């Protein structure tokens, strides 16, 4: 194999390893932002969506996404992918699929049945995610053909996870005590330090997520990748600062958990356009995401009254969509502000809507069926006592 | 230097850095799975085996392992390795040596004298590990000559650590209160969240452990490395799922700490054969390891009555041996299932036994001597009050 | 772009990603070594210095440091750096700037006003750090011209941070209760496990910090980089061991937090000379740093009565200066011990003094001004109750 | 003045608090304790299944004026109960004096 | 013998401890509790602003001989006070017997 | 009914619990407290050596019927003791009434 190909593959697998580590970040954030009595359950959900996702995506999901295109809509599935020249792609895509799956666990934390989650997680990684992913990343999918830009997956990965999370959180209902007399109550996370470390881990892994999505580093790609790291970093920084000041304005003090969510919002939002916008564009996208995240979390919590303990819907769903749309505004090539007119923006909106509709519809069908059959939710007693002692017969914190 | 050589070395050092980070993973797992009153002591043990190992392996261990071969048994030792063209090898091997050493600390946690541990740790990194390592990895060792396959060290690193851990845990005896009236009692770890994060960190680092052991990435090596990442990931995933379901069957609920151990069991088991088996083979090896780990932990705990708070013997010793043997079954080239007959399996068994015997014998001699001289165990009072307050005059958790 | 250039840039960005992760390490150490009632505030300070630093360094700091040289003293500033062929440099230097800034937060933890810190942090990353950095790393700075060696920033990054931390800790004053009747009291960190994990994370990231500072990996650079990883690792190991034994001698028991600081001291000390000394030299530098750190912490705490909760001044300031000076002794090329005479040592001393004076003077001016205007310190009530509840209206630890 | 010490299920705490609020018992202190009693809880840890009677409980300490005693007990008995083993206990004892630190008030006044 | 239970602000603890030391009350136990009372504390979490009366407090349990009672109460009332709502309460009750485990001493001797 | 409050070494807890079990005292609550007393413990932190009398202890609260009192005290005095300074204290006080929440039983019945 020639050196450039080696370099490219090497970059892909290094990036994939970084993306893998985001699983630790998600676990930290979700554990930290919820109560201690459910920490073991959250660990298990995060570990299992990775494990099930890894097996499921290899077993069939990968080819559903990347197999020979059938009608711009789905790849030709085949079992147990074994092309030894494409293992780097399987690896990189597996960790992406696991990311999409794990987003849901945070939104439905502290009240969802473990078995139900396992089943949903499998369907997510072998059906829901790969099919819409196919539309954008297979190369011949219908959204690719339209010119839709979602470089590293603001929509393909994050929004899909985020909208599924929305449906899941809606169907499973709020945690007991979250809403009383129509008022939203705070249910504080038990260890925000874990949450903060999780955000640093995610940010770290995100350099692989976005940088690796160049899928190459040889030749001038290396400059492109470097640019991506900068846009990624600037957007996250700007978003965290923005969220901090907005929360400061609204509540009188800079809010820690909002600021942490702000950083993630910036990362999600820049994911679509990290390779298409300038550093200034990236900073602005981050700024917008950092402002939107605060209002989005409030809106979903207080107006929609959907209980999302970690803000997954706002971070991944809303900011994923937002970031994808903003590519239509800030893309150096084709963006509204750079004289590209409304064409790209329209395409971006089409993609956001189509994939949003897909994620919402399929998640609804799957989860509604599960609700009516094995049930989504643990018993009241289990929820009050904590899932750990009932679902796992043990506590994570002792002596 | 030519580009391919640069690429290969670059890959080795990046992998080495990832393997280094496994030290954090081991520390997290061991701290989490034990009681809070001993956390500072465990931190010190983990930090010191890394530090002593780094100095000792450089000072002499590396050449004991890789120096000019003497009789297929040992390398020619020389002091303070300083060949500036082989620093990448020294680095990569140092972090491996530190891994072998650190495995022991978990099994003897909460009751072992600190000074004794320091001495044992030094002997481990400059004598026990390098000599058996020489047999397999120096290139002219007697096991290499037999055709023994242990790609990244299921046996060379993990079993050596695991069997030493077995001897150490046996000689130091169980923690007070672990066995009463012949019954095994649960002594719960104080923070399973730390344990879980540790598992993610280890899994992350393992991509360097196995992937880096290709010792090259140029040319077609990059495909080999990619394949290794996939086999590694699949085995870990399959093992975690298997351990979860087995524990579910046995105890009525999916057990968190067993599932976490399951992931590690899969990682250890695939380490020998990660480059020699297919993805399907890897998944099966993981599956077997995930089943075996549960029964092994039970057996060592309840039948042998050897107290291993973190399951190090089962994870590293048993699953290391198991994974090495299964190479004889699943190796695409020479495995039993692929028409290779029993030849390779016999060689694998020879290696497993020989290295097992070596680790057990030398650890026994060293630790028994230490037991009869300075002693292995802290006083009853120190153990009851916690090692932190007595061995370090401070507590790790305050206010 | 040719392959060698690609390799070099790729190495720089991978290293930069590792250095980025050090932010998580600093946060862990600072949170763990302080009290739980201020953990949220420390998280916010660490997150914000990264965010503000990322934006500020891009907006102007980078060119202040690396713009066309003006008189050997400062680069030509320009706004919003956008040279897409140098994004890898911007990235790598940004994470260095963030490191320099974040050092200060630890020394002034638990009592400093949040807004004041934000302002100082900005000035640090756009003025203080880039200007002295220019003298050494721009290529035409006056210290470069003298022959000053500070390979990866013992002085440029760590001492600058450390001396600013000294001034800041001095001006803000000790925490309430730290000194009573002229006696220094222990105010224990609330979670030393977090601190220990932070040290592992920092050590891990440091391989990027030092290794990446080669700014190349093609050709023989790869051997140089490998050597750097070894010198870095040996120095850290030797320093941790030394600090442990010194604390053992002084206090009767091996002190956990001193040993952890020891490892960091070794890392800081070797940063200047990691590419200039032999492995033996590195081990000795580490040894010296490990001894010095213990006495330095005692001296600053008990004699100077400057309250530095995490030891930032000793680790970064003192050991940074020490390591830089020791280059004059141990450098293979020009060091005192290698027949180079006192020339290099003199140059090193000049650099250490000049940059120390710069950091001290500018920090003093800025912080003194802030003290006299908006104030450095929270009210007594806020400090006693904890900064989290007053500055952020929430607690990080709940239920 | 009487001191009421109630050891209840953690899961009942929110309800109890609400109910106390309704009868205007708005002053008390609480903390988490481990309770040993009739109830057993099944645990599994690393292959060892065991049943423990060490169960997390919440401890409420409420000092009330005498005429508040009965209604407080009533509310506690009603709202803290599930009818299943492990609901907990209430202990009543005498308090000789009470002071409000802020105002130095004594006796029943300090409890208002 | 009397048992003094004082629920005070955590931030006042060091001062109180010092002051008790000066009057030679060197024996007591303390732990952290959540107090419900008049004081309210403003919190914000993820966009929800709320005011809670569940506030961290420190609980001191001090058993003293009768002739130590008054001065201990005095010191507590003085040093634990800020004058702002939320300073806490002191409860005094009777203790029938005290033992020192080490020596098996009983009564006031056990409190020396 | 009497309330026995025992403040003991954490390291003695398992033995004490076992011994209480043997005399059929299977009901109590416990939590961790910091105790201030005669015992001093040497600490080192970042170069500062100091000796503190703030030591981790376990607090047991056991309410028993009157005829159980003596044997419980005996067992506590015996099993919680090491003979070294810092073994802790036992306080006995009167309880006026006890309720079992589950059954609404009162008095001694609630303690069975």
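A, B, C, D, E and F label the chains in the order they appear, each numbered from 1.
What we mean here is this: a residue touches a chain if its C-beta (ideal position, glycine included) is under 8 Å from a C-beta of that chain, and two chains touch if they have at least 3 such contacts.
Predicted, not measured: the structure shown is a model, and the values here were computed from it.
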Over-half contact-pair match to A-D, picked out of the listed pairs C-F, C-E or B-D: C-E
Chain E and chain F: spacing of chain centres that average the CA atoms, whole Å: 19
Distance from chain F to chain A - Cα centre to Cα centre, in angstrom: 51
Separation of chain A from chain E, taking each centre as the mean of its C-alpha atoms, in whole Å: 49
Residue numbers of chain D (touch at least two other chains): 31, 43-45, 93-94
Per-residue overlap in chain A, given as positions that touch at least 2 other chains: 3, 7, 14, 188-189, 251-253, 255, 257, 392-394
Every chain pair meeting the contact rule: A-B, A-C, A-D, A-E, B-C, B-D, B-F, C-E, C-F, D-E, D-F, E-F
Residues of chain B touching chain D in the complex: 184-186, 188-189, 247, 250-253, 255, 257-258, 261, 294, 297-298, 301-302, 311
Complex contact set, residues of chain C against chain A: 1, 3, 5-7, 9-10, 13-14, 16-17, 20-21, 23-24, 27-28, 31, 39-40, 43-44, 47-48, 50-52, 54-55, 58, 80-82, 84-85, 87-88, 90-91, 94, 114, 194, 388, 391-399
In the complex, chain D residues that touch chain A: 10-11, 14, 41-45
Chain D - residues contacting chain E, complex: 1, 3, 17, 26-31, 61, 63, 93-102, 104, 110
Chain B partner contacts - residues on chain D that touch it in the complex: 43-50
